[in-house]
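Following are the structures in question.
In the two complexes that follow, chain A is the common piece, with chain B as its partner first and chain C second.
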Partner chain A sequence: MATSLSLTEVAALKAEISSAKKTSMNSVRRLLTLMRETQRKDAQLVSTHGDAFLKSSAIKPVPDEERFLIYEQVAIAACECGDVEVADRCVSRLESRFPGSIRAGRLRGMVEEASGDIDGARATYAKLLQEHPSSQMVLKRMVAIERTAGDLQSAIKALNHFLNHYMADADGWAELADLYLEAGMHKQAAFCLEELILIQPHTFCHHLRLGETLLSYATNLEEKIVAYKHLCTACELCAGAHPRVLWSLLACVSSMASKKAGASSSGRGGATAAMEEIDVNVARLASKQLKKLYAKADPDLAATAQAAVLDMLGDIPDCLDD
Partner chain B sequence: MAAASTTGASSSSALSNSLTLDPAIRTWVLVPISLAMFLIGVIRHHASRLLATGPRKVELKAVRESQAVMRASRLRMNHAWISREASFRMRRAFFNDKKEGVLQQKVKNNNPQAQMMSDPSMMQDMMMKNMSMIIPQSLTFMWVSFFFSGFVMAKAPFPLTQKFRVMLQRGIDISGSLDVTYVSSLSWYFMNMFGMRGLFTLTLGEGNAIDDTALMQQQMEQAGAGMDKANAFVMERENLELIEARDGMVYEKAEERAAKVLKRALRAR
Partner chain C sequence: MAGKVSLSSRAYSVLALHALKHPKLAVSGVLLGRSHADITNAVPLTHVALALAPCIEVALTLIAKHAEQSKEQIVGFYYADARGEKLTSVPPLVAKLGEAAVSAAQASGGDASGVSLLLLDADRAESGATALGLQLFVKGGGQSWTCAGDHSASGASGRLSVGGNPANLVDSYVDENRHERVVDFDDHFEDVEKDWRNAALTD
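Moving on to the complex of A and B:
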């Protein structure tokens, strides 16, 4: 409850700050605090107003701890939206206050990244790693920097190095799955997604993405069934409330049906016959649920969605809701 | 001294309710003790900041070992969510393989004590921390008991039971006859010592918030360093060995459950 309350407050403050001509520094400070707590992001807003706040006289009474947190927050936001000058100013302050701090060093690297000096940033991070070889923050930056440079293979290599040591890090596995999918290496991506499921077994997104990934490289019915089971689990975990889960489920059923004809002719009919009943059932329910969701959220799209479902399940008329 | 401070306490406990305290005691005893304690707290805070060494360096290998234990225990707990038997076997081999397995590797057994013997800087750190706690505290205690012992210096505005006598009237000898609500100077010192934490968090902030991620990371590593890795390795290895790999335990009836959930969602308005 507390988080949803502070989220509404964030929204209110954002509206107030971006609409008013002369913003009150108190609400800027409150907004920055709330955004740090709820981990919301709005780089441009934080960068401009945070910088103004740091320059104004309102920063004087702020205690040291909070002030330097604000410096860091504004520096990161400024890096994200390319205000290199602002970021540089903030980081310089932090560096002079915390000489030799690894956290400030990483920010310096991020400023260099933002200004386009990839090689300089790489050197900065390498130097930090020499002193603190196990710094999680810097190791993650090493991955990010390769991704920024567009070098997918190096990014994968750097992330593998990271995960070889920090092997219980969920975000790392999620990022690696993304990278592998981008590189078209679906099997490896599936491994990462399985790892994510081991870490957070009740998160439906992981099951959804694993199901989709498995489906996209499945060549035989067995593999498709595995994908299908994961999609069913995703559907169960999200209580059928997410259209993407339902669409994927339908796509999977339709793909299974198109293979099924081939499979039963090659004599694997026994296992599939048992499945058939349920497939049809789940698919029919899923298409019904989709229809309901669209009717509720966007009636204009409902007809298009219905046509798409028809197109998908045209081969298996039993699935269609009559 | 006690006699001078308890003016009017000549008669028995019947009169003790009307005991008046000299206002000079408030200005020269009560306030100075509190003030001194507060200032010493502030000085100690800044001193400990100066003395604090940076975050301890953690070797990558140590990170890998503690994270491997974590990952292995997750595999043990959640293996039923992996749909394919092969995936599970592959992971178990990663941990348990006779030659290459992560959990088969030798670990430097670093229980905290052995680590301390080998790393004098750790011992020094701890000594520093303890010293910066103990020295000021014993000094103030001596100071208070030497100069201010025997004062009755405050009165609690509410009635108290006899049990509080030990707590509130330490260091004065007229105990039996004095009302419990009167507080002696030594007790006031103790109350200040334990009660000032809230004031410090208000004025000095919570710890040093500025490098708290480093602190957190350090704590995480220490949690890893604290456990006996060699033992943990053997235990996780055996636990994984005991698991019977099967295809998709969770997934046997996945479609039926999905259908049930969908039906429920359709029924809901």
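Moving on to the complex of A and C:
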């Protein structure tokens, strides 16, 4: 769990290690441990200093369980920043200690990916899947490898296959939503985000992302109302403290009811119908909150923001806090 | 529209540093200038949420308002793909951004014809080659974006020219870790105290 205390310590250690002339191996070991616990990433730092740690005498007293976790951690970091030689060395060590291990096998595949040998990696994962056909770890690599190879459609197919078996995997739904958004398939992304919300209903950024996704393709009022509801939920869940939520909410209200944003004044789905769905108090509160947040920002930026809000909501009755 | 497009050193530095800050992600941003032929500044837009329209539109509104103050307008945008390969055509999401930039320009009374799209091949930019890895796409008379040439080492003969000695400049900025300081709208919408104008970035 990433507590604020541990994150502060991570930041302090990072600063110390980056600036020190002679790096303290104790600090490196502590940082590596904290980064595993808090799931923070800093690939270059971990790869460079982790590798130095593993080569130093400081590794000797480290108990086996921790030692091999460090090898894995450094291997993954090294793959991420292309330090293939470092990664290869770490993985070889793990393979010799744990022959036939699927965890080591997956790391071997990642090294192959990092060195550009996509076909080799595919073969490695395929072989692992033969022995362990339901391995979540390997199934996820099958998705990642398609993304590495730039084949968005294959990645989507592979991830759909994974989610058919593991439909409660929140990360999987979030990743699939990302893939669909990258492919410009907003409706499908919205479906994934809805599944994600079923699993994690109190996470504000899921509601925010769904609201923004819906708004990105909504053409009629009904669709925009759903977006509006999710953005209101996001606002409630983050206690109105997040700028992106506030801006998205104002953009939604503007899109529904402002003539400037193209809402027609009459007819089904027009601005008048929209006004019955929107609670003006919500819009007023959101714009007031935004003003409060911008009070801490540069005055020029605050003024520009204020002008933009006026543009967006100015012609909607009672929406602005004056 | 066979005119030349010149990109200032500042504009190039901003977009290159933005791409270098997020090497594994696709980044996008807006180009500002006095006219479409004279690009003087760049404003980083996204490194995550290119597909989400509402905040992009808010960002374009904020940029357009800010640009008015220095008599500039939105004249184009830049994009660097996550995979750092040379793109041969404009990806659909990016084309959509182009349309939004064109509308934003029109809405603030600017000249929307000849809006430029610069595609950056970040791998080439990082290696500090004299060819900066930039390709210029323009909207012809029709609906699609067509390549109007790359920036080549013999810049003067191409349609795109870049001021100063930008590759060396960016290299020195990276040595000072300036790329870590780039603020885009995705950052700003997380924390409004982060300044998307990046004024001090190229001091």
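Just so it is clear, the second predicted complex is superposed on the first by the 290 of 322 C-alpha atoms of A that agree within 3 Å, B and C clash if a C-alpha of one lies under 4 Å from a C-alpha of the other, contacts with A are read in each partner's own complex, and residues count from 1 in each chain.
Simple rule for what comes next: a residue touches a chain if its C-beta (ideal position, glycine included) is under 8 Å from a C-beta of that chain, and two chains touch if they have at least 3 such contacts.
None of the values given here were measured: they were computed from a predicted structure.
> Chain A superposed: clash or fit between chain B and chain C?
Overlaying the two complexes on chain A (C-alpha atoms) leaves chain C and chain B fitting together cleanly.
> State whether A:103 touches chain B only (first), chain C only (second), both chains, or neither.
first
> For A:61, using the defined touch cut-off, is the partner it touches chain B, chain C, both, or neither? Pick first, second, both or neither.
After superposing on A, A:61 lies clear of both chain B and chain C.
> Which of the two partners, first being chain B and second being chain C, lies in contact with A:299: first, second, both, or neither?
In the superposed model, A:299 contacts neither chain B nor chain C.
> Please work out whether A:213 is in contact with chain B alone, chain C alone, both, or neither, and reply first, second, both or neither.
second
> Please work out whether A:167 is in contact with chain B alone, chain C alone, both, or neither, and reply first, second, both or neither.
In the superposition, A:167 contacts chain B only.
> Roughly what angle, nearest 10 degrees, sits at the C-alpha centre of chain A between those of chain B and chain C?
Rounded to the nearest ten degrees, it is 160.
> Go through the superposed model and pick first if A:184 touches only chain B, second if only chain C, both, or neither.
second
> Is A:289 touching anything from chain B or chain C once the two structures are fitted on A? First, second, both or neither.
After superposing on A, A:289 lies in contact with chain B but is clear of chain C.
> Spot which of chain B and chain C makes contact with more residues of chain A, would you?
B
> Is A:252 contacted by the first partner chain B, the second partner chain C, both or neither?
Second partner only, chain C.
> With the superposition applied, I'd like the minimum CA-CA separation between chain B and chain C in Å.
Chain B and chain C, overlaid via chain A, are at closest 17 Å apart by C-alpha.
> Would you tell me which residues of chain C are touching chain A in their complex?
So the residues of chain C touching chain A come out as 24, 49, 51-55, 57-58, 61-62, 65-66, 83, 85, 92-93, 96, 188-193, 195-197.
> How about chain A: which of its residues touch chain C in the complex?
80, 150, 181-182, 184, 186, 189, 209, 212-213, 215-216, 242-244, 247-248, 250-252, 255, 293-294, 296-298, 300-301, 304-305, 307-308, 311-312
> If we count contacts the way the header does, which residues on chain A are in touch with chain B in the complex?
Contacts found on chain A: 63-66, 68-69, 98, 100-103, 131-134, 136-137, 164-169, 191, 194, 197-199, 201, 226, 228-230, 232-233, 235-236, 239-241, 249, 275, 278-279, 281-282, 285-286, 288-289, 292.
> Help me check something: in the complex, which residues belonging to chain B touch chain A?
My answer: residues 54-55, 57-60, 62-64, 67-68, 70-71, 74-75, 78-79, 81-84, 87, 205-206, 208-211, 213-214, 217, 221, 248, 250-251, 254-259, 261-266.
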